[in-house]
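Paired with chain B in one complex and with chain C in the other, chain A is shared by the two complexes that follow.
Moving on to the complex of A and B:
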């Protein structure tokens, strides 16, 4: 487990070799980026299989709560593996099938990977802020790197919303530090419980607001359509396949461990019930996301808004807070990441072949290119949660958990099911158009061997998890017990053991 | 109420609110960036103010401030946090201005809201 630090440090170090090498040896620097991501994927997968128990890694000999520590648990390793895998796929797509980019592009991708892994692994609130800012800065630059004015505009919109969010986060940090006296997550978690309820609720809302900005939750998601549309397709795939994974993990950790009273309990400060707010935000995000996606004429914006709706479902599941819901969240996040990667890679091909992202002009593209059309269909089925595809297990468990939960959670079930119908309508509308008989012969798509390999892997993973989830299921079943702080092996007790208390 | 904390708190609050007003009411990217800058300054002031106490000495060894009583030092952590956040704020502002220049070059305008639909080809 002590090698976990390399998950953050190695891409950071590799990122800064690129500007040095890039000027004279651009091809070598691109190779370094790809090899780094491959090595990271392998390392995180190895750590995941070798995983035994939660560990706190003390960095630089500074003991927590004064120094910064990393906290490795099963869910964080799964998320890190997903982030690395997604980044590797998106990078290969950009290298072999996207437009030619300068080496700096790959430096930004490595920086983003390091920052996302840092967000997932860190055990310190201010460190989390720094990693969120690094992730933000590198994603603004990545979004602005393509599509001329659209990319720059998307990046600016994201930057303005995210900067507001970071001001909120900093204000919350000032309050937390002056009351709890530390920014270590475990210390804060035990300190939050004695806080004045009004202040506690304020802090929770400020921090969750900034996490929700990255997680694309209503009303903090106004940047999403422009940023996804303006970004090069590989970057849209990254935003959807990697950034949301990290953001969902942070939201989970914040609501259950730092601010919750242990998993399964309601996050409540005095009369103020934060779980209710999470529930309604999740439900509203699902409704607005799916409705807006249905009305979109632009395929990339449509996929972006479908991501928003999926994140709404995950927030809804966070508000249920039962073992089954957590189990569903993990599956839903993984399935969403895999399917959206595949969808954005295929959509990127359609956009660059047809020269437009308006899906109405893609009539017959799938008939002409059955491989891409079929892959689009698999991605769509994976998102929708049709049985035998990856998304099914997530949605199935979340809906099951919602029916068992007390209170008003059952309302969410009907809203999610209705929203899924809307989602099916707009995905199948586009898929049908792709396979219609066109008036003029559509362009045929050229793809590299890497595109075929990586999309085949993604499609195989989507169907594989859908048909035979047992290998992942065995790991995921342990996560709810680990997240619970009542458990002796839980987060806070592990962190306190590392502090020697 | 301690006078200094009051001034720091009120100043931080109003700086944040002025910045927020600027961000919410403008479409001009330059003014948006200015508003964000004001908000960041306000929140930095807030962090410093939250850790202020009367008579706290600068936590620097080997100076005239050095004392045996550790209790009389001001807490250095919030100041380190503010330093980090100032540096991050500088980076973000620089990148935002660079993006604004790019927007001006490509669209001849620095309005954040697009007037006509923009082409996407990758």
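Moving on to the complex of A and C:
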């Protein structure tokens, strides 16, 4: 587990070599980026298979709560693996099938990867802020790198909202530090209970606002459509396949560990009920996301809004906070990441072949290119949660968890189920349109061998998880114990043990 | 018998389907026919192996074992048998239908669909059932769409309603599981029936959720409008399958879960109306309304496929009414009519597909007189509508007779009256279709039309035989019912090979057939002895010396079939037909408008800061909300 630090440091180091190398040896620098991501994927996968118990890694000999520590547990390793895998896929896609980019593009991707992994692994609130900022800044630049004006517009929108979010977050940690005297997550968790309820509520409010901005929760997601549309397809895939994974992870950790003391123990601050917020914002996000995606004429915006809706479902599941809900979250996040990567990669091909991202003009593209059309269909089925495809297990267990939970969460279930019908309509509408008889002969798509290999892998993973979920299930089984506070293997106990308390 | 045969019934067609995605179209249609032969063989091998079970349990979630259980039950085997017999005929039909000109890429998906159908009829765990159900839904959507824009519009309407029902079912499955700790269909049915005494509102919710799923799939009110779009726009050979078999999934679901639940509910736990628990009485009216809507709409429809789709809706209404009587006679009548409808509506759609295959027309007033050039198709259609209208000696008569007997037994006179109305209305639209398409004058355009190709004709001939047999010997079908009835705790019905006993009387199919045969013979002799005929050409019409071209009226408007029932239309003007469709359209449009509204928030950069502020307000409101 001590190698976990390399998951963050290595891409960061590699990123710094690129400006130096890139001027003289641009090809080598691109190779370095790709190899780095490949190595990172391998390392995180290896750590995942070798995983025994959660550990706290102290950096530089400064013991927490004063120094910064990394907290490696099963959920964070799974998330890191997903982030690495998604970044690798998106980078390969950009390298072999996208427009030619300068080496700096790949530097930004490496920076983003390092930041996302840092967000996931860190056990410190200020450290999290730093990584969120790095992730934000590198994504603005990545978004702006594509499609001229549209890219800049998207990046600006993201930057405006994300800046507000980071101000809110900074204010929150200032309050926490002045009262709790520490920014270590486990320490803060026990300190939050003693806060004045009004101050506690303020902290929760500010932190949630910033986390929701990253996680694309309504109405903090006003940047999403333009950013996804303006960004190059590989970056859209990255936003949807990697950034959301990290954001969902942060939201989960904040809700369970910082605001409460372990899963199922989200506390109330006076009259301020955090569970309620997560629940209702999740539901509202699903409704608005699906409806907006249904009305959307632009394919990339449509996929972006579908991501929004998926994040809404995940937030809803976080609010349920039961074992079954955690299964659902992990499966849903993985399935969403895989399917959206596939969808954005294929969509990127359609956009570049047809010259437009208005899906109505794509009639018959799938007839001419049955492989791409079929892949789009598989991706859509994966997102929709149709049985035998990856998304099913996530959606199925989230719904089961909501019915099992006490209180009113069943209302949310019915709303989500109804919204899923809308989702099915807009996904099948586009998937079928690709196979409709066109008026003019559609263009054929040229794709590199890498595109075929990576999309085939993604499709195989989507179907594989759908048909045989056991390997992931076996891993996921331990996560609820690790997140809970009531037992010695829990997050907070582990953190305290590392501090020697 | 090895239990793996059960798995084979599901996996084999799906596997062949996936393989044939990569094969040329024509070859995949041959494979399709071949798969159906295999399926039929396996199904009949399973005939006497009721109780044979294949189960796959795997641990998933913290909830424990998830089981994918397939088993042969009496009910499931009956549905499997009738559907696989019908399917093999439809697939033989498709073999010739999908020639170079007409071939669609539907065959691979259709094979997957057949695997899913077998899965639905074999599943004994809700998870397996749900898997098969969803697999069936989206593959059928792709077949209905078949790459045509209008077809897909119809298909997505069907899919949206059906998916809505599926989602309701998913909720129901989880509620059942949390209450009983079991995914098993039989176990949960028993438990939920018992829950009506202790946890009434819970049991009602679960049953209602499942009922929504099944009603949506069977096109019962308020989901009655999708067949007229989907059945009409689907590939012509698929319409037979869609209308014959796919509409019965919901009926199967009702017969499998909802009806047994109410049959097993202890007496005195629920308000009884007209001898049935009140939800069943509600189902009776839902079905009756469905059949009236189906009938009235069919009367005023000019598109022949659409007309027959409405007729299917009406027939599903009859089946629903029969089921709602909650008695062994009603249950048996529903099964009987399901089997008969599968064959007769299948043959009607097959005949229409043959007509469309040769003429390319769907609007009835453009056709006419095809009996002269397509006699086998005509005979198939004729027998089909005789069966549909419930005239002896064809199969439809016996099952409709049984439905009425079941209604009389429960003294549901008002429902019976409504059903009688739609049953009579059926004559109006069925014989109009026969007359307009096959009788009357042959348009000069179609003088050189040939009879349907050999395999199509051959499968239609077998379909005709299959319509006659249950009419003359009802026992060939009803003989299977007593085992099914016993498995749900219903009393047996009295039936022999050629007779059936209802609540007020009994009939002998063979005698009736003999009488009818004699009558037909006498009429035929009279016809031969009668006056000579005078044939009139289609364009030989009396127009009072005016030239119709002056009013821009073309020859097809001379056709007497055009808007045939215009005179009685005002009689039905008071009916709020199409109200549900309008409601759905309003809903759809509001979703779209709402979506546009949401998108417009983010369209303007100057609003971004405000969205953040609003977001913080929403967090505060939801935080302090109770």
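What we mean here is this: the second predicted complex is superposed on the first by the 498 of 501 C-alpha atoms of A that agree within 3 Å, B and C clash if a C-alpha of one lies under 4 Å from a C-alpha of the other, contacts with A are read in each partner's own complex, and residues count from 1 in each chain.
Please note the rule applied: contacts are C-beta pairs under 8 Å (C-beta built on N, C-alpha and C of every residue); 3 or more make two chains touch, one makes a residue touch a chain.
Small disclaimer: the values here were computed from a predicted structure and weren't measured.
*Asks:* Looking at A:432, would you say it contacts chain B, chain C, both, or neither? Reply first, second, both or neither.
*Replies:* After superposition on chain A, A:432 lies in contact with chain C alone.
*Asks:* A:93 contacts which: chain B (first), chain C (second), both, neither?
*Replies:* A:93 contacts neither chain B nor chain C.
*Asks:* Under the stated touch criterion, which partner chain does A:153 make contact with: chain B (first), chain C (second), both, or neither?
*Replies:* After superposing on A, A:153 lies in contact with both chain B and chain C.
*Asks:* Is A:164 touching anything from chain B or chain C once the two structures are fitted on A? First, second, both or neither.
*Replies:* In the superposed model, A:164 contacts both chain B and chain C.
*Asks:* Considering only touches as defined above, state whether A:249 meets chain B (first), chain C (second), both or neither.
*Replies:* Neither partner.
*Asks:* Does the superposition put A:229 against chain B (first), chain C (second), both, or neither?
*Replies:* A:229 contacts chain B only, not chain C.
*Asks:* Just checking: does A:140 make contact with chain B only, chain C only, both, or neither of them? Give me first, second, both or neither.
*Replies:* The answer is first: A:140 touches chain B but not chain C.
*Asks:* Applying the touch criterion given at the start, work out whether A:209 contacts chain B, chain C, both or neither, answering first, second, both or neither.
*Replies:* The second partner, chain C, only.
*Asks:* Hey, is it chain B or chain C that touches more of chain A?
*Replies:* With both complexes superposed on chain A, more residues of chain A are touched by C.
*Asks:* So in the superposed three-chain picture, is A:381 touching just chain B, just chain C, both, or none of them (first/second/both/neither)?
*Replies:* So A:381 only meets chain C here.
*Asks:* Under the contact definition given at the top, report the residues of chain A touching chain B in one complex and chain C in the other.
*Replies:* Overlap of chain B and chain C footprints on chain A: residues 153, 156-157, 160, 164.
*Asks:* Across the complex, what residues on chain A touch chain C?
*Replies:* 153, 156-157, 160-161, 164-165, 201, 204-205, 208-209, 212-213, 218-226, 271-274, 276-277, 279-281, 284, 288, 290-296, 301, 305, 323-324, 327, 363, 367, 381, 386-388, 393, 396-397, 399-400, 403-404, 413-414, 417-418, 420-422, 424-425, 428-429, 432-433, 435-437, 469-470, 473, 477, 480
*Asks:* Would you mind writing out the residues of chain B in touch with chain A in their complex?
*Replies:* On the chain B side, the touching residues are 16, 20, 23, 29, 32, 36, 39-40, 42-44, 46-47, 50-51, 77-78, 81, 84-85, 88, 91-92, 95-96, 99-100, 102-103, 106-107, 112, 114, 118-122.
*Asks:* Within the complex, which stretch of chain C touches chain A?
*Replies:* 58-63, 130-131, 134-135, 138, 141-142, 145, 147-149, 152, 155-156, 159-160, 163-164, 167-168, 170-171, 174-175, 177-178, 591-596, 598-599, 601-602, 605, 607-609, 611-612, 614-616, 618-620, 622-625
*Asks:* Can you check the complex and tell me which residues of chain A touch chain B?
*Replies:* Within the complex, chain A contacts chain B at residues 98-99, 126, 129-130, 133, 136-137, 140-141, 144, 146-150, 152-153, 155-157, 159-160, 163-164, 166-167, 170-171, 173-175, 177-178, 229-230, 232-233, 298, 300, 348, 351-352, 355-357.
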